[in-house]
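Below, chain A partners chain B and then partners chain C, in two separate complexes.
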Partner chain A sequence: MRLPPVAITAIVFVVGFALCTVQFPNFASTRVAANLLTDNAFLGIVATGMTFVIISGGIDLSVGSVIGFTTVFVALAIERLGVPPLVAFAAILLLCAAFGAAMGAIIHVFDMPPFIVTLAGMFLARGASFLMSTESTPITAPLYSTVSDFALRLPGGGRLTAIALIMLAVVAAGAVLLHFTRFGANVYALGGSRATTALMGIPVGSMTVRIYMLSSVLAGLAGIVFSFYTAAGYSLSAVGVELDSIAAVVIGGTLLTGGQGSVVGTLLGVLIQGLIQTYINFDGTLSSWWTKIVTGILLFAFIALQQAMLGIARRAGPRKAGVLKS
Partner chain B sequence: MNAASDPGPALLEVRGLSKSFGTLRALQEVDFTLRHGEIHALLGENGAGKSTLIKAVTGVFPRDAGIVRLGGAEVAPRSAKAAVDAGIATVYQEVNLLQNLSVAQNLYLGRQPTRFGLVREAEMRRRATELLAEFDLHIDVAEPLGNYSVAVQHIAAIARAVDQSARVLILDEPTASLDRHEVEILFAVMRKLAARGIGVIFVTHFLDQVYEICDRITVLRNGRLIGERTTAELPRIELIRMMLGRELAETTSERAAAQARQVGEICARFEDYGKAGYVAPFNLALRRGEVVGLAGLLGSGRSETARLVFGAERADSGSAAVEGRPVRLQSPRDAVAHGFGYCPEERKTDGIIADLTVRENIVLALQAKRGLSKPLSRAEQDEIAMRFIRMLDIRPPEPERPIGLLSGGNQQKVLLARWLATAPRLLVLDEPTRGIDVGAHAEIIRLIRELCDNGLALLVISSELDEIVTYSDRVIVLRDRSHIDELEGEAVDVSNILAAIAAGTTGAEAGQA
Partner chain C sequence: MTSKALLAATALAALTLALPATAAELTVGFSQIGSESGWRAAETSVSKSEATKRKVTLKIADAQQKQENQIKAIRSFIAQGVDAIFLAPVVSSGWDAVLKEAKEAKIPVVLLDRDIDPSGKELYLTAVTSDSVHEGAVAGEWLAKTVAGKPCNVVELQGTVGASVATNRKKGFDGVVAKNANLKVVRSQTGDFTRAKGKEVMESFIKAEGGGKNICAVYAHNDDMMVGAIQAMKEAGLKPGKDILTVSIDAVPDIFKAIAAGEANATVELTPNMAGPALDAIMAYKVKGTVPPKWIQTESKLYTAADDPQKIYDSKKGLGY
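== the complex of A and B ==
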């Protein structure tokens, strides 16, 4: 029962890839595939966190700003203050954890809509990054060139970069956490019904805190990856990424109202957006804004599909009686 | 079953439990005793305090006074979870499990078997299958719970509760949405649990089921303990009297005043009016200046009759006529156009609009009747609001106060004012005195009488039989969703109503279909 939405996403991706290959014979190469992963590494990481939030019935609008804040924080710490990169990474991830925990706590304790709380978080993080610096700060630390030089060479000329590997590791770990642990089961439970989950004895408050903490930490990690990708920290980076990641999650078959979804679907949702972008680059004449337009159409199609499937499920009428012997 | 005759040590003891919500005393020094291995019915009409008692015992509400002892040791759970940990589990009518998770996950959520932090899915499913097999339920536990019927979901909820070492199992209206066969299965499960020594508290309004399965009965009314009896020693009419009636002597004197009234001609008539599976077809004639009471147990079809009359549900048989002319009542809008008004039972959710002011709430129905193209001027609104505030003595007399800040009795008066402003010919009141303190209670009753003297026709539903007897000229008695009797004049008294309700209540399950 849980498969179809993901399966449809997978089919859309495969068909899209095939169409691109028909038009551009060079498309089907490990190089394109590896670049797809590298270019969308930060989005894949942040969308994994978003998947947990949305399945639990929430939303996190702050992630784009957290990415921007992270790049500025890391760049300034390394370049201005001379902090070793790894120490700067640890510091920003702790800061993000605290930020996410605070949002989760506010949502739970004051029973406020996640939309509003994380919207406030979005303004706060974006504003704070402008406060630190309004200019783009290049990062020249040796670690950065080491990381960007590192890659697993694939047959056919593709380079599986470090940040692509980080993203794949996050997705894999996220999938295990969501599908095979008590924590993951609780996330689905929260999305099913918050009140019922509480009545079943699940600590709803600490779950909420931990889910938003996870999302913010992954946004911080995405920010670090983004700083590797651009080798700079800039307060205007990753504007609107929260919406891209929500789109990826929904296209990946996760129910926007919570309770159903998967991490693998989200990865496919990210790759579909990347695929459209790559197609536009190959074409060379199209405006890159077509990415947004096609994403919008896909998003609409997927939500319509979900509603249709829910409708069919409801109309299916009497539910299974179960085999009862008395 | 033999627990009835054996007064063994108490499993759960509640002593002197009290709980108030604002000025409303929902529970007053209630005692309750549950023994090992018994099935104990907790009965009472809406608002009697059954749910409040359960929620105060299980820690959903904090209690104002009283103690709860489980197996001799005092317990004071602060949450539903703490109650489960202590050994008191509750299964509500609305199954509190998660439709989107698998049956197995529902049974073991929060306590799944794990290895190295990972849930052992196969092991969990094996255990779930075994657990449900104990309840004679053989289903695929990997399927989402939502794919199964409500009966299966109830049994899953009970299995989860019992597996968490419940010693006391509270079932709150578990059979309301089950068919006869499913009820049998549930009863088999309940008997099995009782045989294991678990105490089962069974809240229901199906009296036949009480007599079928329960060892003892505790009755609450208006937040007070009315009595505790063994089922075998409590005749049905006596039970209904405990649930509905007060002492007869209190009411007879007031009744005299209702006699003298003159009733006018028929203003609304319903013939063979009904809806399949909702209320059996009935004949009902309402006269000017007359109060018709609808009496019956919870679920007998009282509110359903009111909703049909007001067009909130569409009838599928019979005809309606207003002032002799045939009319169609397809929606409340039609009913309002014909001069009907309706104050629903759920005042908070269906009646008042809490954030609007008293004035805005009062003019609402009148404005709706006139249509948006003919707005009432502010001066007219003020005039109407003040007129009714004075007439009904609404306090505080401030038209600009949000209605949510008024007491229950005054909110009810504002609702009355809302309909009176439309100058109706018929007003339907569903439980007009529910949740209202004693002083306001008498005042609402006085108002009902006055309105009637002014030529209004009233159709009133109440669970308080002595109240119905006080103001009704005629009383229609309902049972199992049909009108079974009509009492008029001298015949209107509490014992006659009780007799009519009790007369062979053998078909109570028919109400479930």
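== the complex of A and C ==
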């Protein structure tokens, strides 16, 4: 039952790419394909974390702000304090882990809606990054130019950059974690029903903490990738990315109410959004706000699809069990 | 009849064949910041018309104020193989990697309206910007010339604190004030570049300066604040443009309406036509190989009641300000 929504997402992506290629012959190039991965690397990473959260029946609105916070933190640590980049990365990932764990703990212990708790987290992280610096701080550490110069050259001028490779690795690791481990199975169980999961003897509290920790750590990693992308730390970066990543997850076939979904679908959801943006750039006359409009239409379509499928499942359920007889 | 149709078809074919030979030889990608202000919207529409005038295909990508969108747009322009890229950078840092890619692909980049950090100096062909220090100086010189040696107390409405435009426009004006002993800036506060704030600050200036009797002139870092200040002066029973001289910067349509009505005296234009000089530079570079200077300064033209403000208002109001 998990396959159909992902299959539809895949078809949408392939058909979309084909349509773009028909209109712009330049489109089917390794350059465009590699750009899709590079330009959406941070979104892919953060959306992988979001997939876990949404499948578990939660939501994490703080991720965009965590990305912004991370870029500023890393930039200031490296440029102002002279911390070696790798040490700065370790520090920020630890900080993000603690931040996510705290949000998860509050959600579980006080039984608060994740929406509210992570909304607070979003304001907190964005506010803190403004407090540190309101200007865009360039990062000049040698590691940054090494990483941004590194790329696997593809035939046809495409460049598979380091950050694209990091994103692909995160997606692969996320897929393994979600689909082939006990942790992953528990995430699905949590999203199916919290009460039943608790009755099954799965530690709901520690699961919740670990899921939000994962999401925040991946947001931190996305922030590091973002800082490689722009070679700067800026408190206004990645505003609204939490919503883009939720959209990617839903377009990727994950149920917003939890219990169903896949990481591969999320990657396709990210790529579809990138595809729309690339199409608009190639066209050159459309307003860039069409990205949002088309994403919105796709979201509606996928939510409607999910509801229809849920409806079918519900109608099929009782009949099978033989509870109702007319 | 068939011969007529054939003739028409041949003519059409000749026309369509002939057109690409002269037109659309160059394709330019323009990564625009967004449409946050009227000036920005005007810049976009002027860029389009300047490109059409030169038969250049201009592809505009609106970045919605986000640097990541601008980087994406530049990458996509490179993938499309455009002939040149125009960039109005939203922030000054973080462009090196993507501009290096453009350089590798041998696509010249021209910066419009704003500059980037010095580390990227080698990565772009030229920058077309206005000199905001010079704008402030032009405003100051107009005032010095107009009061002609008489003592004059000036109140200043500053732009957003910390914005480089505000700092520079103040610096240029202060430079002129320092050279003219009769000019004195008595009060200076930020009006955040907005009408509402400009009006509010002007009201407090009027109160603090004896109902405006001690004020001889207002200098605002942009026209929007001046429009607010004019409102405040009128409400206080003063005659802006007569009791108190006004000079501001940007040359948006509304200030010409005020100048035409005699309620404002002068404005210094921040031209929305940055693409015109940029296109000329790119065409010269592509065709003749002329390397333009690293900085192309746009003209900071002064407008007063002598320049037919009503006509300028009519020509500007359709640009999207």
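Things worth noting here:
Operating definition for what follows: the second predicted complex is superposed on the first by the 315 of 326 C-alpha atoms of A that agree within 3 Å, B and C clash if a C-alpha of one lies under 4 Å from a C-alpha of the other, contacts with A are read in each partner's own complex, and residues count from 1 in each chain.
One rule holds for everything that comes next: contacts are C-beta pairs under 8 Å (C-beta built on N, C-alpha and C of every residue); 3 or more make two chains touch, one makes a residue touch a chain.
None of the values given here were measured: they were computed from a predicted structure.
More residues of chain A lie in touch with C than with the remaining chain of the pair chain B and chain C. Judged by the touch definition given at the top, the superposed model places A:201 against chain B, while chain C stays out of reach. In the superposition on chain A, contact of A:191 is made with chain B only, not with chain C. Legend: residue contacts after superposition of the two complexes on their common chain; A:259 is shown touching chain B, with no touch to chain C. Legend: residue contacts after superposition of the two complexes on their common chain; A:176 is shown touching chain B, with no touch to chain C.
Note: no residue of chain A belongs to the chain B contact set and to the chain C contact set alike, using the contact criterion stated above. By the touch criterion given at the top, residues 24, 26, 29, 31-32, 35, 38-39, 42, 134, 136-138, 140, 145, 148-149, 157, 159, 226, 229-232, 234, 237-239, 274, 277-278, 280-285, 287-289 of chain A touch chain C in their complex. For chain B in complex with chain A, the residues that touch the partner chain are 80-81, 84-85, 96-101, 105, 109-110, 112, 114, 117-119, 121, 136-139, 143-144, 146-149, 151-152, 160, 182, 184-185, 188. On the chain C side of its complex with chain A, the touching residues are 29, 57-64, 66-69, 71-73, 75-81, 91-94, 96-97, 100-101, 105, 117, 119, 162.
By the touch rule above, chain A contacts chain B in their complex via residues 1, 176, 180-182, 185-186, 188-189, 191-193, 196-202, 259-260, 318-326.
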